[in-house]
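Labels for the chains are A, B, C and D, by order of writing; each one numbers its residues from 1.
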Amino acid sequence: MRLAGLYACAAVAAALPILFPDNYFVTVVGISAGIRVILAVGLNLLMGYAGQISLGHAAFFGMGAYASAILTTRHAWPALLAMAAGLAVVGASAWLLARPILRLRGHYLAMATLGFGIIVHVVMVQATRWTGGPDGLAGIPPLNLLGWSVDTDLRWYGVVMAATLLAVWLSLNLADSQVGRALRAVHGSEFAARMLGIDTGRAKTRIFVVSALFAAFAGSLFAHQQGFVSPDSFNLIVSVELVTMVVLGGMASTFGAACGAIALTLLHEGLVVFEDYEMLIHGALLMAVMIFLPQGLFVGLSQATRRLWRAARRGG
Amino acid sequence: MSAIAASSPSPAPLLAVEALEQSFGGVMALAGVSFQVPAGLIYAVIGPNGAGKTTLFNALCGFYAPSSGSIRFDGHELRGLPTHAIAALGISRTFQNLQLFFNMTVLENVMVGCHLRAKTGLLAAALRLPQVRREERRLREWARETLALCELADRAEQPAGTLPYGLMKRIEIARALAARPRLLLLDEPAAGLNDTETLALRELIARIRATGVTVLLVEHHMPLVMSVSDRLLVLDYGSVLAEGTPADIQADPRVVAAYLGGAVHYAV
Amino acid sequence: MLDQLLQFLVTGITVGSTYALVGLGFALIYNASDVVNFAQGEFVMLGAMTAIALLAAGLPLPLAAGVATLLTVLVGLLLERFAIEPALGAPVVTTIIITIGAAIFLRGVAMLLWGKDFHSLPAFSGTTPIQLGGATLLPQSLWVLGLTVLLVTLVRAFLNRTLLGKALLACSFNRAAAQLVGINVRVMLRLAYGLSAGLGALAGILIAPITFSSYEAGVMLGLKGFSAAIVGGIGNPMGAVVGGLLLGVLESLGAGLLSSGYKDAIAFVFVLMVLFFEPTGLFGHKVAERV
Amino acid sequence: MPSERPLLEVLGLSSHYGPVRAIHQADLRIQPGELVAIVGGNGAGKTTLLRTLSGLHPASDGCVRFAGHDITRWPPHRIVAAGICQVPEGRQVFAPFSVEDNLRLGAWRQRRDRDWTRREQERIYSLFPLLAERRRQLAGTLSGGQQQMLAIGRALLGRPRLLLLDEPSMGLAPLLVEEIFRVIVELNSQGVTILLVEQNARAALAIAGRGYVLETGRIAKTAPAAELLADDAVRRAYLGY
């Protein structure tokens, strides 16, 4: 019962390619949406549950991707090992960064995480010897799971969906445990949380690391799936989009963050039609949602419909 | 030594505050406060606005770093300890301004209160290992028991933010109790309550004491304080004005003057 | 070597002046509303791009600059009225996202109007470099320096010498008390947004002949301005000015002595260090009381 | 019999802080020229009442009428313009500004009338000679009593028809309290209508003509001050015994 939502998602993910076989849209958009869901769900643990903003999450995403790219193309590591190494590096960096950065609050935290994201991005562009500079790195091999090479769109669809469901499952478990409650307590009132014996500094640090690991995992998948990485995929705009997904979903809800990620992916696909208007619409939408539905698109809309429904019933 | 010294009075006080001073940028909020709270009592701290009552609580909890003096709790010096470590020693509190976790249900709020008894690791929780499920069940039971003690059992699944104010204050008490403290600090529990709720609060405080928890109470509602406390400490301008039983305090003219202010006379 | 250092210093101060003006705008808005306006960089871009467009349309430079500044002020006022006021008192994350949304929106508008190409404004008075010891100085740099000094002096005088300026500061010291003496805080809010939009636009117009401008030009400038404000102690207008100059010089020195590609990274490493070790900014306390 | 229409009339006013009801169905009436005291213990809702009257805090129910206008939903700056000036609890002077600047900001609504402002400022200096010596000093560096004088002066420069004072005695030494109260009496005798909120009930009732006793957000009693001074209701409101 607890995981009913997860099973439903799994069913939909499995049914889509059967209902629409060989459909480019389903697989490619599905893959892209899945990777974003992993990112959003991970960031939601930090932002939605623990209440700590990060405007630099694309950095961890990129570090995971580049670790895979560099280790496989330059050092011929197997893909899975490269992924594991990437996770280790990102985990360690996040842990080192967490203490000093999470002492900051509000705008200061926003500025610091944003600065971190920019620094990492500059390194990606400038450290040409390792990263290939602005042109990026090509020729990243696909994942190879015990001899099964993930080299078609459909196989990738399957792997990314499995990874996405895994991420959602982990996030649901965390949220619905004492760890998750402690994080929400930190968000609700740090005073009260400490008074109940929660070491708030430690709790924040650990969830920052977990959140970074989700991003690095998504990054590694992204690198192997695309076969190519360049700094453009990990810039400030991407960090802002990640925050947008979480906020759009309504914060502190795993499925909300996932829906936010899917909605933004579809919006991107849809806005392609408008080409030059994409930015304008994206910006206007962000402002409108935050002004009119501050609890997020999904929570806000469901509350609004409930209100309308009640009003209609009273009227009738 | 004595762990949960219930009603039998132990010779060593549970809490001993010695010459505690707290200054903020030159302003003395606490100017050498000393008092002792024996285990098992309901001990109230009263005084006019700005007398330093909440400052005292915040110093006890490690929110402020006192300028000098000592706070000993059951043989441990509390000064310099971080708040969560103080909580782990067995002190819990409620807040003057509600610090409820409004985004959680009543039960979840109280389950956070059980945090000190939870041993779940991050990884185990993420994978939802069997021991996590067992612990969840244990914490839930514990929380439900505490809710029952506070007569909140039927509200368990409601979001805490949607309840009336009086119940919210009660949830905060339940949450603090869930930590199984030996000393419970209540910061103005009656503020904003109506008469019926205040009466129920008095019973609840008495029930809490009966479970062996020592209660330190800051409160303005004098009828409540006078009827429920065993001893009182009166603070004024950050110093101790008087200490004693409710009867002693009511007979003390200095207390009346501190509250009503000295008369100022001149021709009008 | 010494000549080179002098050159870096000159370049740094020129760029830093722009950061200072943008940072000053940040500080003014933060003071008035506790909002960090992530669209501040877009004011800079709008000022520059509008001036370029007006010039191309045949207006003389001074008039184009003036009209561009006024139009940007109008955008600032509209932003305040329709995006900030409705969300007053909202959590920090909400206001951050609203202003980021506004920034993306303005960028989108600029792209539609002027495309993705880089544009440039002609230098105000020629491009013959001036020799200064061993360093060369563009005449435009003199314009930037001179007008920055003028603008900062004017803003400072406005805040310290006029009652209106004091009323604006009063709102940030103690909003309730400001309301109790009858100050309309919404009017002050609009004043702050208008003022900082104007400062941003002027910064953009001043720097456009040196750095080129495009619809994206505001992103980095805005962030550097924000950094300047943080380095100087957010909410302290003159601290932001000093922070901007410091950032510009540091960046230019880093670019010259270490690597030009890393200049943005150097700036943000500096900001992170300041945040980690002096979270209230370098001048968070001391200057705040003097302003 | 009713000689004049009241200057301030509060009917059924309620006010909440989040879920907490701070003021419940309060009724008040103040005639021009009166000095009225509101006394009550900690947390009785005195400060909330004044904040609601000044428009800093929204009323959840009821209405406030002032000089013929319904000002219940007016923003604070309009209420000040109408003539209600408040000396807030804890002084709230603009600490980084000089004494002089604080006073000039107090005259914000009158800023175009420079002569009046200058004259009025001099009057404040003569009322509080201590402030005159410290014109250029930063307000944040003044002592508590001096800050209180400055806060009163600042409010007076708003040209009040009704002056609201929130706990002017709080945290002040008895001698200073006496000084502040002397000024309050003097102001009232010059014709300023005053609503004085005090925890120091004896001092407040000693100078007020009439008093209200506020108890947990409700008006528990109203009577001539002398009568209240002798009444046990006041003592009960504070001490509950």
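Here is the rule we use: a residue touches a chain if its C-beta (ideal position, glycine included) is under 8 Å from a C-beta of that chain, and two chains touch if they have at least 3 such contacts.
Only a predicted model underlies this, so the values are computations on that prediction, with no experimental measurement involved.
Shared contact partners of subunit A and subunit D, listed by label: B, C.
Interface comparison, A-B versus B-D: the higher count of C-beta contacts falls to A-B.
Of all chains, the one whose Cα centroid sits at the greatest distance from that of subunit C is B.
Centroids of subunit A and subunit B (each the mean of its C-alpha atoms) stand 41 Å apart. Computed centre separation for the pair subunit B/subunit C is 49 angstrom, with centres defined by C-alpha atoms. Subunit B and subunit D have centres, each the mean of its CA atoms, that are 34 Å apart. Mean C-alpha positions place subunit C and subunit D at a centre distance of 42 Å.
In subunit D, no position touches at least two other chains. Residue positions of subunit B in touch with at least two other chains are not found. Along subunit C, no residue makes contact with two or more other chains.
Pairs of chains meeting the touch criterion: A-B, A-C, B-D, C-D.
Every residue of subunit D that touches subunit B in the complex is listed here, in rising order: 18-22, 41-43, 167, 169-171, 174, 177-178, 181-182, 185, 198-203, 206-207, 234-235, 238-241. Taken together, the subunit D residues at the contact with subunit C in this complex read 54-56, 75-77, 80-81, 85-86, 88, 92-97, 101, 104-106, 108-109, 111, 138, 140, 154-155, 157-158.
Remark: subunit C residues 163, 166-167, 169-170, 173-174, 176-185, 288-289, 291 touch subunit D in the complex. On the subunit B side of its complex with subunit D, the touching residues are 48-50, 98, 164-165, 168, 188, 191-192, 220-226, 250, 255-256, 259-266, 268. On the side of subunit C, the complex with subunit A involves touching residues 30, 36, 83, 86-87, 90, 92-94, 96-98, 100-109, 111-112, 219, 223, 226-227, 230, 234, 259, 261-262, 264-265, 268-269, 271-272, 275-276, 279.
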